[in-house]
Amino acid sequence: MSNGPEEEKRGGSIRIGILTVSDRASRGEYADEGGPAVHDYLREVLCVSWEPEIQIVSDEVDCVAAAIEDMSGHGCCLIITTGGTGPAPRDITPEATERVCSKMLPGFGELMRQVSLQYVPTAILSRQTAGVCGGALVVNLPGRPKSICECLDAVFPAIPYCIDLIHTGSITPPYLETDPIRMKSFRPKGK
Amino acid sequence: MSNGPEEEKRGGSIRIGILTVSDRASRGEYADEGGPAVHDYLREVLCVSWEPEIQIVSDEVDCVAAAIEDMSGHGCCLIITTGGTGPAPRDITPEATERVCSKMLPGFGELMRQVSLQYVPTAILSRQTAGVCGGALVVNLPGRPKSICECLDAVFPAIPYCIDLIHTGSITPPYLETDPIRMKSFRPKGK
Amino acid sequence: MSNGPEEEKRGGSIRIGILTVSDRASRGEYADEGGPAVHDYLREVLCVSWEPEIQIVSDEVDCVAAAIEDMSGHGCCLIITTGGTGPAPRDITPEATERVCSKMLPGFGELMRQVSLQYVPTAILSRQTAGVCGGALVVNLPGRPKSICECLDAVFPAIPYCIDLIHTGSITPPYLETDPIRMKSFRPKGK
């Protein structure tokens, strides 16, 4: 998490939202496992200085939508949600995400389901998606730590460049970099 | 189709809607092949007692939407449609499904198209999807019996657990079980 | 591009729209590469006589939507867009496509992303889709010539039959045929 020369050159500070969506965790009846798993993952793969913004909310569309908009408003360039992506009545994270995003990125959900299908046939029940809310890429993840890592391993290589694109035209865009030993992220040459 | 001990223990009776969407079949100009293919398939893989609700409707959004809502209202926990999923002007089953579903499950369509692509490059023309309407999982299938079996083989392992999740909090949820020799369905451990 | 006997028999003349979506190309600041790449590709794979309708528009939803509707109104049976499919603020081609299409065909985007993933992990950032606008199949492609060819190689085998289906019931449907040495398109037997 050191300030690399790349980051100083680019200027923008990096803020990342980690949003746990769970009725029980939000009431304190249950220790949140998803949020810490996302936090650990980001600490492991990112090699630029960054600051987390952490929230736990109940499975209500209004709460999830408001939390995403808050985080985006506070300058988060990436917001990772965990939980609430299944077909149960209280699972509404994808609907809340779609409500506050100006653009949807269906390729994230497609790839995450495809990867999870290698482990369990019920991977098709996950409705997780991704989109753009203001200056933030929002990515929905499932709630289980093991699935979180599988999904992030699949999509993270595309995330730094996605954030560059979302900030096209910005003077001090956030510039994410991953530790190439742990995770090779990809930017097309000449970009 | 015997009443297994599992089913008695769980309590809920199981009703499954089979909805053929076809102008010609609904006018009797043409023998419906899709509906019977779905019925045969379910008889083969399910090892719990269940009751079918069968309807044939024309390719009209209102008719298809009303039939799905009727079946859901009559307590069907699973509604399988056949036909009307292509790009022709009269193909409107996915639109009708989306109209009456509170949640969409894009993973079903993705996997069914991927599996069908192994047989024909025109698999990408199928717009079939799945969603949740009340207490029912709605799954769109193509009209051809051969494609019906290919698609159900791909997604059925996830269907019993999906119905469990849709009925989270219900006192007598329907509990589907498949004959493990014919089809291994999957429920995560501890659930 | 000769008038084959098949085409004479079927009657309908074939018009194909090629729509470049790019602020810079529309202002002449930049030579359009996407449009010519699509044009070359079609010239190479089609073995029926056809006429192109070419337009370059800026990355504005209204402009892209109007151009698609114009081309459809002029009798184009296929409209291929290039550019504007990413997550950047000015990338709005998928939204414009969705606005003017009565039916969406998610299988095109799924397959194109899957194929592009073999080359770059950032393929999931492409939001390209396909749909039906009047009598036209609309397919979004990325802007880079190399990606255009990869995507068209993947989906083109299904395009002639898709256009047949869109024109179900039409007296003189356009009948696309590909050079089987370059590209085998597929029509189910008996259709």
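Labels A, B and C are assigned to the chains in the order they are written; within every chain, residues are numbered from 1.
By our rule, a contact is a pair of C-beta atoms (placed from the backbone, for glycine too) under 8 Å apart; a residue touches a chain by one contact, two chains touch by 3 or more.
Please read all numbers here as calculations on a predicted model, not as lab measurements.
Between the two copies, chain A and chain C, the Cα superposition rotates by 120°, quoted to the nearest 5.
Where chain A touches chain B, under half of the residue numbers in use are shared by the two copies, so each contributes mostly different positions. Centre-to-centre, using mean CA coordinates, chain A is 32 Å away from chain B. Multi-chain contact residues of chain C (touching two or more other chains): 106, 110.
The residues of chain C lying in touch with chain B in their complex are 103-108, 110-111, 132, 137, 155, 157-158, 161-162, 165-166, 168-169, 186-188.
Only residues 86-91, 95, 106, 109-110, 113-114, 117, 120-127 of chain B touch chain C when the two sit together in their complex.
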